[in-house]
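Common to both upcoming complexes is chain A, partnered first by chain B, then by chain C.
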Partner chain A sequence: MSKEDKTQPPSESGGEKSQESDSLESQPSSQAGEFQEKKAKFSAKPVKASPPASAKEKSDEPSARAAKKKGTAGEKDQAQQPPKSEDSSGPQPSSEAGKSQEKKAKAPAKPAKPSSSAAAKEKTDKPPAKPARPAKKKAPTYEDLVDDPLLESLQKKFSEGILSGQSFLDQATYTISLEVLHDVLLHLRDDADSDYDYLIDLTALDYLGDEKRFCVVYHLYSHQKKTLIRLRCAVAEGESVPSATSVWRTADWMEREVFDLFGIDFSGHPDLKRILLPDDWHGYPLRKDYDIKLQDQVWIKEHLQIRKTPE
Partner chain B sequence: MGLIENRMHENIVTTTVDSVFNWARKSSLWPMTFGLACCAIEMMAAGASRFDMDRFGAGIFRPSPRQSDLIIIAGTVTLKMGEVIQRLYHQMPDPKWVISMGACSSAGGPFDTYSTLQGVDKVIPVDVYIPGCPPRPEALLYGLMRLQDKIDLMTIARTDEQSQAS
Partner chain C sequence: MNTLEESTVLDTKVLEMNMGPQHPSTHGVLRVKLKLDGEKVVDAECIIGYLHRGIEKISENRSYIECVPYYDRTDYIAAVANVYGFLLGVEKMMGIEVPERGRYIRIMMVEFNRIASHLLWLATHAIDIGAMTVFLYCFREREEILKLFEALFGARLTTHAFRVGGLWKDLPPGFEQAAHKFLDEFPARVDEYEQLLTHNRIWLARTKGIGVISGKEAIQWGLTGPPLRGSGVDYDLRKARPYGGYEEFEFDVPLGENGDTYDRYVARIEEMRQSRLIIQQVLKRLPGGPVRGKAPKIVKPPAGEYYSGTESPRGELGYYIVSDGSAQPFRVKIRPPTFIGLQALRRLVKGHLMADVIAIIGTLDIVLGEVDR
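Now for the complex of A and B:
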């Protein structure tokens, strides 16, 4: 019985589904109706009176047939359901199938069924508000940091340079202006309180259309403190970012990669040249205005001696 | 010589020069490893003991193109590497064959992007294509055997065509 399988298998999956659909609910409302229908199908709504009843009845048919086959298994699960979820959300979806199953389902299921159908009729018109369901979780957002010692110490030292400190799913992200970037990086590495000795990654983002088009991102990790932070710095096109090579040597190749794919210049870099693409390639592929399939035909003609590759 | 040793009395065996040459060539295909990406792992597996490639005579992987007569392109070929592959192919002495192993080298695979060559046959002529992502070692051995069949069709006599199977 497909429905039984979906509602019953440990009701954790029910919880999971609600979480999934909750995150999906942030999508445009055109899809909301569909999701509401689907939620109604899998939640403990009575079949008779609710609008998605027709859809439910169709699925009830095969489920009823399957129920006969899986009578005993369903019976056990049905018996378990009432104690698990107080709203008898388990037996309800199978209320119609439960009827066909009733003959097989003996005493344990019976007391559940009449109460469920009674409760079901009450809830015909109400929106599904089951206390058993976990509270809706919002989609994660950027939240401003509060009481963060690192943010406070940075703000004390570089007052206007630190534009903001935010947290996303417990990941600290600091937005810094370009002028203080190099000093902040040095401070983070050298200061005993914030001993960030490991530059994990240096990358960039392209916000095409923004005034400051690129955003260079640094991920720093401290082995002593075991903390990981993220620094962001907005950079306009044509602006040159101070190189972090003097702070962490790995920044050497990472900046070359950023230069190769975005075209962001790093001042003070020992040897800024392309690292992944061929040296005489034209264009910066990871920019938003560079087509994913665009290949440098001039380079191809020169080096590969093939006339043309399809775009 | 295991097939014919000690089986016949002193005798005269006739065959064709072609079949002897073809038998020699197909039974000792020394590949140059060109493992670029994931297909290389399957190629290593094919060369290892379970799916032994050496029983086909093809287990001697040469590091240099000048000493190999087969090149197995195993993995994704970027444009930058395509240039290198062309050069290596030209460095291989005749007769030479090319096996394109996997989806990436045959047709670009799932990577239809700015950096990937959509099929190594855009830069070198390929004899056998082995589809798969990655192809199983048995698939590579099957491709090898099909290449051996292809070599069987060769002749050392002059033909009207410029080049033969290679």
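Now for the complex of A and C:
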């Protein structure tokens, strides 16, 4: 990461906030504020007198326009402030604090993952950031699904193939093993009780360092029951996932995208090739070990004739 | 080269032709490899990715707040609606409450954006088919909406409309009057477009029975938004899975019957009228108070995942947000309605004439910034 990347997040958020508080507090003292006071005085008397409203509007208009002009001028000034402070005075103390906080949070970066094991559950149970203020709401956590008819019917049919069923913010997630994945998808589509006729989305996640590195995620929706569910399936590197194109036609490009950006193979896909990147591109950009600045230098040199100096 | 089975009598050769990426009626950098038998389309393959900027990868390397302006640039025609879905997801994960006034103004601006987006669609769709006048009329009305955007957001296209917890600032003075003025004039304008198109014989000939798809098949292909509703499937996320307070407003979901280009046109025209009704309800009931709730400086959703789906002008726009508890998202997956809808082009154009390809691309209402991300 370059200097720019490191300094930007805290100063940006800090700048934005300060800008906001500026606009909230400084405006009343400015001319726009005067206008507001005037308007308040004006509207104080004929509050509910609707007939003279048109006259009031007319008399309001010029002043409104003036205030608008002033308002925009004020905004411009404020908008220019944050970058200035960034250039001259450097990071402010508050943004320093923000930076360290962010670093702390980065260190134990353990991606959330619903899992059947109790140990993993405890991890997600931990307070997400710094201890929340007592008045605040409890942070949402993964909860095991209880009395879920779909989970029960799936477990009856696929027994050990269904690893867990949990919900987070009222969205149900079912973790399924790769062996039964295709059968589960077919079952979900065709079984009258579930009837998930619409595949909303298909994507993948990269948990670098795990034994099974990838996780393919399906979002399904039933037009009949009006419910949305999520399926997760852990996939190791090099393993191929049965294609869902025979179940839902719409899976075609979604799987091509996952193949393109993650390098996950889908067996049985009619035309599995790159979709967003050029065909002869090397590497899979959405993998976690693919740095954001890393590019296929060979490809770039060959096709764009741009020679990049090594960093 | 394979020949079309039906046309073995004439024994013509299949011609392969490139349409795009620099073609005025592909609405961006879409390249379609057409296989033609005479003027008839045998097969069409879309080649996309010319505008791929890796927005999902960039998101993983930015804080949640910094991500937001990037989503303006996915679907730049409906930037307001695009930012909205992501912020709803983040706010849901963090349990941030948006004040009522903020929620109402958001809905109003998203609906204004829907009208603006549909106007641009109608303008370009009509000019693709050959109706020049509608193009000019639509841009005239769209300009009024963009002026409203500029007054509130300070920008016309990539607006960075909303912030975590609400809006950046309240409505500027004179905004409501300008909005009312637009809304009062708008129905007559829509009637004007309809006068030019709806019963126009050329328009009917070019759109009726073109690109027909049944409701069941449309679901199979993952179509959403007006293309799905044109086939008679009642699926509008504002009704099916209400978000952001849409359940408080009354509006209809216009549905088509035949699932052809004409029905999709009618559905979108009607949607503009419905959006206007929603905005009128918002303005009528607009409460006072702040527009932005309490939100922390550094946005850190708790470890977990959430799929936030909204009805963008183009269909179901979803943000699948996975958080690891840090200030940067672990992954943001955008479910772009037109990337998924564009797949169906192959199915829709088969058997039609070369000139109908343009009508069908128009009816899908694609934005390549969103297709390629």
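Note that the second predicted complex is superposed on the first by the 172 of 311 C-alpha atoms of A that agree within 3 Å, B and C clash if a C-alpha of one lies under 4 Å from a C-alpha of the other, contacts with A are read in each partner's own complex, and residues count from 1 in each chain.
Here, a contact is a pair of C-beta atoms (placed from the backbone, for glycine too) under 8 Å apart; a residue touches a chain by one contact, two chains touch by 3 or more.
Just so we're clear, the structure is a prediction, and the values are computed from it rather than from any experiment.
Peer 1: Look at A:W253 in the shared chain and tell me whether it touches chain B only, chain C only, both, or neither; answer first, second, both or neither.
Peer 2: second
Peer 1: Given the touch rule stated above, what does A:V146 touch, chain B (first), chain C (second), both, or neither?
Peer 2: neither
Peer 1: So, A:P285: does it touch chain B (first), chain C (second), both, or neither?
Peer 2: both
Peer 1: Where does A:L294 make contact in the superposed view: on chain B (first), on chain C (second), on both, or on neither?
Peer 2: Only chain B is touched by A:L294; chain C is not.
Peer 1: Which holds for A:L277: it touches chain B only (first), chain C only (second), both, or neither?
Peer 2: both
Peer 1: Between chain C and chain B, which one touches more residues of chain A when both complexes sit on the common chain A?
Peer 2: C
Peer 1: Output check: A:Q305 vs chain B and chain C. Expected answer is one of first, second, both, neither. What do you get?
Peer 2: In the superposition, A:Q305 contacts chain B only.
Peer 1: Please identify the positions on chain A that touch both chain B and chain C, taking each partner from its own complex.
Peer 2: After superposing on chain A, chain A residues 276-278, 285, 290, 292 contact both chain B and chain C.
Peer 1: In their shared complex, at which residues does chain A touch chain C?
Peer 2: The touching residues are 5, 8-10, 12-14, 16-17, 20, 23, 35, 57, 61, 64-65, 67-68, 71, 75, 79, 98, 101-102, 105-106, 109-112, 123-124, 126-129, 136-137, 139-142, 168-169, 171, 173, 197-201, 203, 205-206, 217, 219, 223, 226, 228, 230, 248-250, 252-254, 257, 261, 274-278, 285-286, 290, 292.
Peer 1: What part of chain C is in contact with chain A in the complex they form?
Peer 2: 48-49, 52, 54, 56-58, 60-63, 65-66, 92-93, 95, 151, 154, 163, 168-169, 172-174, 177, 216, 219-222, 233, 235, 240-241, 292, 297-307, 309, 316, 318, 320, 322-328, 330-331, 333, 335, 339-340, 342-343, 347, 372-373
Peer 1: Spell out the part of chain B that touches chain A in their complex, as residue ranges.
Peer 2: The contact residues of chain B facing chain A are 79-80, 82-83, 86, 112-115, 117-118, 122-123.
Peer 1: Which residues, counting only chain A, touch chain B once they are in their complex?
Peer 2: 276-278, 285, 290-296, 299-300, 303-306, 309-310
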